[in-house]
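What follows are several structures.
Two complexes, one shared chain (chain A), two partners (chain B, chain C).
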Partner chain A sequence: MADKGELLEIVDASPEAVMDYFDDRGWGDGLPLVPPTVERVEAMLAACGGADPDEVLSVLPPRFGECTRRMVAINAVLAGCRPDVMPVLVTAARALGHPELNLRGVNATTHPVAPLLIVHGDIATSAGYNSGLGAFGPGNRANATTGRAVRFLLLHVAGARPGPGDASTQGQPAKYSYCVAENTAASPWESYPRSVGVDAPSAITLHCGENPHNFHDMEADHPGPILEKAASVMATLGVNNAPIGQGEYFVGLGPEHAATIASHNWTRRDVQSYLYERARLPAGLYRKQFGSLAWFPWMHEVPDDHLMPATGHPDHFKIFVVGGAGKHSCVVPSWGMTKSVTLAVAP
Partner chain B sequence: MSLRVYAPDGAMGKPPVHRATSPAVLTNLRIGVLDNAKPNARALMVRTAEQIAARTGARLVLVTDKGPGGNAATPCTPGVFDQLGEEVDLVLTGSAD
Partner chain C sequence: MVFTTTKFELLTNKVAASFGLPDARIVTVDHPLGGTDRATIERWADAAVDTVVALLTSG
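Up next is the complex of A and B:
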């Protein structure tokens, strides 16, 4: 059982003094904070349906902090969350502890990786997440504060402060907040969680990746030209997955691109297979550029002129719909040595 | 007016593993190098191990990688781990970028 949380006394309750108090202790992200008073934290915990506030949901490296519902609630208050997002955050806290996510590596790498939280299903609607126009921001409180609260769990509970706990060479804006909702209503396919075997009214996905890499196609009336552009965004030498060949690529299709693709009766699997075949570069080019390649064993056996897929299996292309009107979509390449986690929401 | 607030970091749990205590004297000990596949890691660590050996009387006896597909972000295979446990007394485990 974890502790019940340490209560601190701040003599001056002004917003400026509160911010200074947290900043002086190495807490916060540099932006204004909502003080996590007992009353506010209790209101957050009330959204957990009476679940034990001090159950350890995960232990987060490198600090190995115990992430409890109470810690989630405290950081949710700090981030400006409404209580109705608590089930999402509690589930995200569990996901952060899954070994395949490799949080220790995520926080230790010099790469600018940040956990992208995707909210699926009923709670995306009831808690007011934006899955439509401008979903990646700015302007929606649920998206902005939930993503920020996840970052606070990393900064405070995991100890992922830039420097001693987060070695990212340059950081990136997505390390402030990185949360969207899947646009299920505009998706021509089953929801993303169902496609990976999670059948629940509400779910979340955590994907530790780079910032969104935009691609656009204003003209095509066939899937090919749209997905060629997605493939070209993936098959580059600059992404961290290039020398790894095992990474995941989340493809956030705008609804109009998704509709065009589906109008030709292409399934999600068809999209994955197409990207697997088209997101490729010659094996020899990779070998020339990288002295060290963390490929699957079979990749080392092919000749230099073989077109090597950007990642080793079609399942590594993760397709979901997000955004509103317009002909833009995006690719979110993973850091590399991490696998996304999708869980049913449970408070 | 004062304010009572929660600290946002909470208690620390137990790490899954603990680092072994470093030996006080290296003379006659066996050194291993675990190449973590970062560029130039093997060259850097082998050279370092050779320097340690020359200064202390230890011996460099094993240079290995992490096993198939291993890299800086993954653990070594159980076979490599066992081999290190059996054949060496201290290990240089990797270099960063």
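Up next is the complex of A and C:
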């Protein structure tokens, strides 16, 4: 039987008292919270089209808390969400439970990994997500509160509090909120979900990664110089992916970079192949720097002077378009021992 | 049996309890393992042997 939560009576409903009440119990992220009253939670659940509020969507480690629509709704209220983002959050809750995402490892590692939620398709527009200028930054309620609600699922359902449930040495700002929308309108290619075989009006992707690593190219009129800079951001010894053959790199191309690349008839696959060929360091350098290398078997067989790709296959470069005007793009390296998950949105 | 270090003892105990093993046999050694020279690591390992044996031979 799923946990249906507990009704608490708060005598003083002032913002200060509510914050103290939650803070005293170790709940929340340190920022002000919206009290999850019965009425507010019911309004959230109403956006799920009559689906069972107590169906277990996933079981989240390390606490192995059962994540139901009701739990999602409570945390969505706490985070300040509007009800129209509920289908995104319910789908994200499912994705968090997928084995290949390895949430147990994500929460237990000392690395500062955070789940990046990318919203795709119709719901990105209807619920008001920002896929354009400043998409990773502040100022948009859907992005800010949806990302925050995902973190609340980790804090409150998974038990991923720093110390007893989250071992991240330094943490990172993206552990507060980490959500953007794909800028499909400005993308020269098919939507990201379709490129990975998910053909649905709306979808989400969860990618457990580092903060965005910016790269810029203000001048190029050809894909090469732009993607060389992306490759140099990836071919570095400091990222957690460096000694890991299966590591994924999400590449969030700004629309202007994407347009320049596509104007030369480069496909998404061309970009992946180019990055696979160019994001490389000598195998011997990796061997010198890391005593333990989680490589594919073939990677151990090449000589030291072989230029080793930053990851073991072109498919591990995940290309999507995000942002507005300007010549900036970013790379979001993964934690390494995790694979991204893309699902059709279903409430 | 699980090995952990002093800095991750709390996390290890919480995870063990989450798996339904609150009485899991856990051996805690000094921290950090990464970046510590081999001789020191071996000294810590030697110091843990009695604990390992005790845990393996207890009820």
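Keep this in mind: the second predicted complex is superposed on the first by the 346 of 347 C-alpha atoms of A that agree within 3 Å, B and C clash if a C-alpha of one lies under 4 Å from a C-alpha of the other, contacts with A are read in each partner's own complex, and residues count from 1 in each chain.
Here is the rule we go by: a residue touches a chain if its C-beta (ideal position, glycine included) is under 8 Å from a C-beta of that chain, and two chains touch if they have at least 3 such contacts.
Since we're looking at a predicted model, the values are computed, not measured.
Contacts of A:L343 after superposition on the shared chain: neither chain B nor chain C is touched. Legend: residue contacts after superposition of the two complexes on their common chain; A:A259 is shown touching neither chain B nor chain C.
Of the two partner chains, both chain B and chain C are touched by A:R63.
Touch criterion not met for A:V302: it reaches neither chain B nor chain C. Note on chain A: of its two partners chain C and chain B, the one contacting more of its residues is B. With both structures placed on the common chain, the touch criterion links A:G163 to chain C but leaves chain B unconnected. Once the two complexes are overlaid on chain A, the chain A residues touched by chain B in the first and by chain C in the second are 61, 63-64, 108, 159, 167. Chain B contributes residues 1-15, 37-39, 68-71, 73-74, 96-97 to its touches with chain A in the complex. Taken in their complex, chain C has these residues touching chain A: 8, 10-11, 14-15, 18-19.
Against chain B, the residues of chain A that register as touching in their complex are 2-3, 5-13, 18, 22, 27, 35-38, 41, 56, 59, 61, 63-68, 70-71, 74-75, 78, 102, 105, 108-110, 152, 156-157, 159, 167, 169, 244, 246, 291-292, 294-297, 336-337. Contacts from chain A toward chain C in the complex involve residues 61-64, 108, 159, 163-165, 167.
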